[in-house]
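As structure tokens, the structure follows; a few thoughts come after it.
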Amino acid sequence: MFNSFGNILRLTSFGESHGVAIGGVIDGFPAGIEIDFDAVQKELDRRKPGQSKIVTQRKEPDTVEFLSGIFEGKSTGMPIGFVIKNTNQKSKDYSHNTNVYRPSHADYTYDKKYGIRDHRGGGRTSARETANWVVAGALAKQILSQIEINAFTSSVGEIFMNKPYQDLDFSKTESNIVRCPDENSAEAMIAKIQEIRKAGDTIGGTITCVAQNVPVGLGEPIFHKLHAELGKAMLSINAVKGFEFGSGFCGAKMKGSEHNDIFNTDGTTQSNLSGGIQGGVSNGMDIYFRVAFKPVATIMQNQSTINSEGEATEIHGKGRHDPCVVPRAVPIVEALTALVLADFVLMNRTRKA
Amino acid sequence: MFNSFGNILRLTSFGESHGVAIGGVIDGFPAGIEIDFDAVQKELDRRKPGQSKIVTQRKEPDTVEFLSGIFEGKSTGMPIGFVIKNTNQKSKDYSHNTNVYRPSHADYTYDKKYGIRDHRGGGRTSARETANWVVAGALAKQILSQIEINAFTSSVGEIFMNKPYQDLDFSKTESNIVRCPDENSAEAMIAKIQEIRKAGDTIGGTITCVAQNVPVGLGEPIFHKLHAELGKAMLSINAVKGFEFGSGFCGAKMKGSEHNDIFNTDGTTQSNLSGGIQGGVSNGMDIYFRVAFKPVATIMQNQSTINSEGEATEIHGKGRHDPCVVPRAVPIVEALTALVLADFVLMNRTRKA
Amino acid sequence: MFNSFGNILRLTSFGESHGVAIGGVIDGFPAGIEIDFDAVQKELDRRKPGQSKIVTQRKEPDTVEFLSGIFEGKSTGMPIGFVIKNTNQKSKDYSHNTNVYRPSHADYTYDKKYGIRDHRGGGRTSARETANWVVAGALAKQILSQIEINAFTSSVGEIFMNKPYQDLDFSKTESNIVRCPDENSAEAMIAKIQEIRKAGDTIGGTITCVAQNVPVGLGEPIFHKLHAELGKAMLSINAVKGFEFGSGFCGAKMKGSEHNDIFNTDGTTQSNLSGGIQGGVSNGMDIYFRVAFKPVATIMQNQSTINSEGEATEIHGKGRHDPCVVPRAVPIVEALTALVLADFVLMNRTRKA
Amino acid sequence: MFNSFGNILRLTSFGESHGVAIGGVIDGFPAGIEIDFDAVQKELDRRKPGQSKIVTQRKEPDTVEFLSGIFEGKSTGMPIGFVIKNTNQKSKDYSHNTNVYRPSHADYTYDKKYGIRDHRGGGRTSARETANWVVAGALAKQILSQIEINAFTSSVGEIFMNKPYQDLDFSKTESNIVRCPDENSAEAMIAKIQEIRKAGDTIGGTITCVAQNVPVGLGEPIFHKLHAELGKAMLSINAVKGFEFGSGFCGAKMKGSEHNDIFNTDGTTQSNLSGGIQGGVSNGMDIYFRVAFKPVATIMQNQSTINSEGEATEIHGKGRHDPCVVPRAVPIVEALTALVLADFVLMNRTRKA
């Protein structure tokens, strides 16, 4: 109920940033799929720390070890257990904060809720958990042969990449370290993040994600609408504050006569303000959505705060943290999107006589 | 898996707009709660059609009949079955559209997904379903004695009510038909909706919701974070295109040094850009979020479209539809918020030794 | 979590014996199935009280009303809501027992668990609930075109029908009121029940159920093995005390060299002590199992008992009760078997690439 | 849906007998419980192979490694990930059976269901999986401070230990290798198993389990009755063919006047044919039930069988197998009982206002 995601295809995950390992169980994965292990590792590498100068300099190789559910290179239908060892756990980075509540972190809420807190680097609340999601998502993609999922950085702070996604070449997303397929915007974003990092500060941003070649019929109303599950998935990512799809918040300013997507005779639509989803079910048009990330809470500046005894104290960020979470979150957004879509592909098989 | 919402407190609903009745089962409702039936009906009345000149003029009394789970005025712990009869089903309003796909409705996607379509007024996709949610939410509120939930219309089209919610008097929300507690904004919004209606058009808007006196500790990470479940709930409402909480999309433009909420020694925070939730768990501060609604797809204008044979045709909205969904969605937003919070209150009882 | 049964095909039920109505929601029913309403009513008639001299003489017509999910005679994929009105609620039969705990009923445990008790005829614990299951099962059968499910009374008290099921003609099950396809045994069983009834007593019995033409591959190990779900279903029926399948408890006395089912070259087996299930998955052979029912707890004799104040008192069964639950439980066993099998048929569609 | 067990306290497991490791995730474990690691290992040692002359002579140390959810010796409320390495995987024992279907094993059904089969020692269908259950059960017991759970061997083949459990000294269960607390019966059972083993054969048996000091109120009707969940749990164990509780199958021969448990004024009952459960809810009396195990399917004798091409062939058991599964299944029965009860303890916290 707490650490499982998905209905038929379901990830149950575990692990803290500074424990022995993180990992999980992927249940409901269909039998007979040839597993592309390199594709999994490639996604983990996209997410891993230390990959560029604008992300945290922690070094974690993030190698996944599959323990079950795969035999002679193929999925067997059995649950896929996996672990990723924590090789670089430097808890000393955190030992000075044992009973201090870091502002806008989960230290306070976890301590109050559970009456106990694993203070080593955020424990379970660390974004390290998302490595598990990337593994599951990379496998889920292997169920979704024809569907293409592309996420990219669409803003950093006030710097927006405003081109419509149709004008972008997604193959360029990986060509720069901020993962924005528009080169001019990318440059400005990278400069911004470097400036922020030098100031010991952090900055927010947004990611846009586009799923193409999605078959008609994915999504399970009333309570598992496709966009509602995508929204929930995105809002599960650390630091996310908002989600919109299709016309999103802009749609709330529009008139019906402007907003309606008129059909072509083949069932496609002339515009796509619906964002590829109508009534919670995919209509075959591109699905696209946007996710807002707040700035990372750990900053390299003095902040006043309190400890668990309610005493005022000061805190100064140590350790190696991301000045902007967005570049490394791109593969996470894609992974969760794949997980949601694959789950719906399987569910959809049960819906007709 | 498809029509159930919630984990311990769970609504399973059924019903189409033009069937005999809609209804549902509320399972997991704790025993021994004195049921306030008037409070339930009051919420249904806030949602019902025909209540003012800016909403649909359909007349549906929306009287809920409880069939089980309540004995001598108290909940028994047994599932609460209920029905709301459809007294005003005028399917003839829809009979002319039997095989026509209305633009930006779910007609096309449902037909393709299920291979069959209940064409009477949208069937299951009709917002009529939300009456079930209002019943469940009104009961859920009765578990949440001290928590206050207030939603209100914060924009209609381009007209924004920009006051911070702290400056509002929520008791005024019901004083006007658009449900905006700021009277000047309300007037402008009402005028806008009337203008739109006269043009045979529709318009979008946003609702803001504030939950106060929420205890610390609600929310079940990693995959049932409080804001993720709220987001999923809101995205389940018809016409919703976006969700943001706390700083939301604005937070994505900010720096960590601006965004962090500094603690007071009593554990409250000086600012509340977190929106009352940190790490997916409530921190005792106000929870607030914003929901974007697109304009209603049914407009009283000619639109070109196609039918199920893929032939081009024309459609002209008939029936009685809302020019703006937002005023009637206010109680729906509150209901789902209550449902989510009550579920988390119950779950939270299981989390400590 | 409490009143739902099944995974993809899921019944969520509600209702007390003396409320307005019982009913439920059948979710996950595939779209496009032509509904045979007569078949549903026929099963309800097999379960209903008052159908013969050896069952309770209460008269309840048990007419099901479908409220949703079916359009022009076909399932739409939407949840199927239904109610069965309680037309014959005679609560006065029970009013004398308001605070008395009937021996071997659930009065005491419900009162202690929930702190409140609907004392009218057992409330939710009444076997009236099983009418809901029969509705769901009768619909589930319509998914299972080729599978044949036949249950029958295999013992009443010490009277056992000992013929192997292969020697029986299932078409004779309905030819007698005790639902035993062997006429000689049936006669003896009926005589026994009449004798017991005259003595104001009740008696237990067993039901055997056989499912034939089951495809290979139903069942979802490790935690949703086919026989484990069948066992759980049967143990959910009022008064059930035991479940065994295939060789059952006799198998526990055997040697491996006797018990193993040797294959024919077509994959069938020469013997079938496995009961059609190996490793939790159907193997295509007949599935058969046996269910033990205790005697009904309400007897027409004086019994000493206590009330909710812990005071000693006497009770004397009133109302109209079954002297033996088994004849009316035959359609219930079949209904739940169908529900389990249909759920697995749907799940199985998701297990291969 | 497939490899998870439990509702709030939920084990999701993975692993094959001849993979790298087995393991799982225990989710919903409450925070703040001091973990007794020795107690966990002690239970694993009771289950492990090679512990006596009447069980398989495979040597597996079965050391559990906890990866998360425990900090400074206490549960944190986070999911508890664990692995047990497979140190003794000798797949060569199985390599000769690559495409042969062993009679009364799951080889055939898995192959047909999944289209692929991990032929190394049964893969996922191996009883090795139950080591995961023992870990979870040993932790679950630590939630159930006062409840005592004692299982023991009550029959081997035709040798029955017929004393009522009330006359037994459970502390003697571990005093002999067959785990029967009655010494005379134990001796006979051990002799029987040795005789069977010498013949290259196997034999079935039964286990009785007694749970004492269970609080009133555990169990969640209608579809999560306490005995139904216990039954499902037991039927999930490899080789189980039957389950009965309280009077069980004998109860089906009795009259109501004999079977009813008459109350004492303190709410206890004079007899306990109900087996401690009424209406699916514990009544505070001892819960007891009996589980039937068929003989192990792998025998050290020639058997004719078929291969995956449908060709007739011969098989001769190799490897190191149990001649009787019952002695090692005793801790498994206890573990699953603990898991079920702990889950209900947590659920029960949510059922009252």
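Going in written order, the chains are labelled A, B, C and D, and every chain counts its residues from 1.
The rule we apply is simple: a contact is a pair of C-beta atoms (placed from the backbone, for glycine too) under 8 Å apart; a residue touches a chain by one contact, two chains touch by 3 or more.
The structure presented is a predicted model; accordingly, all values stated were derived computationally and were not measured.
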Where chain A and chain B overlap in contact partners, by chain label: C, D
Pair joined by the larger number of C-beta contacts - B-D, B-C: B-C
Centre-of-Cα separation between chain C and chain B, whole angstrom: 39
Distance from chain D to chain B - Cα centre to Cα centre, in angstrom: 46
Chain D: positions in contact with at least two other chains: 1-4, 7-8, 13, 28, 31-32, 75, 77, 113-115, 124, 347, 351-352
Complex contact set, residues of chain A against chain B: 1-5, 7, 13, 101, 103-106, 108-110, 112-115, 124-125, 129, 155, 157-158, 196, 201-206, 216-217, 219-225, 227-229, 231-233, 235-236, 241-249, 251-267, 269, 273-275, 277-283, 292-299, 301, 303-306, 310-312, 347-348, 351-352
Residue ranges of chain B in contact with chain D within the complex: 8, 28, 30-33, 75, 77, 143, 346-347, 349-353
Complex contact set, residues of chain D against chain A: 1-4, 7-8, 10, 12-16, 19-25, 27-28, 31-32, 65, 67-69, 71, 74-81, 83, 113-118, 123-124
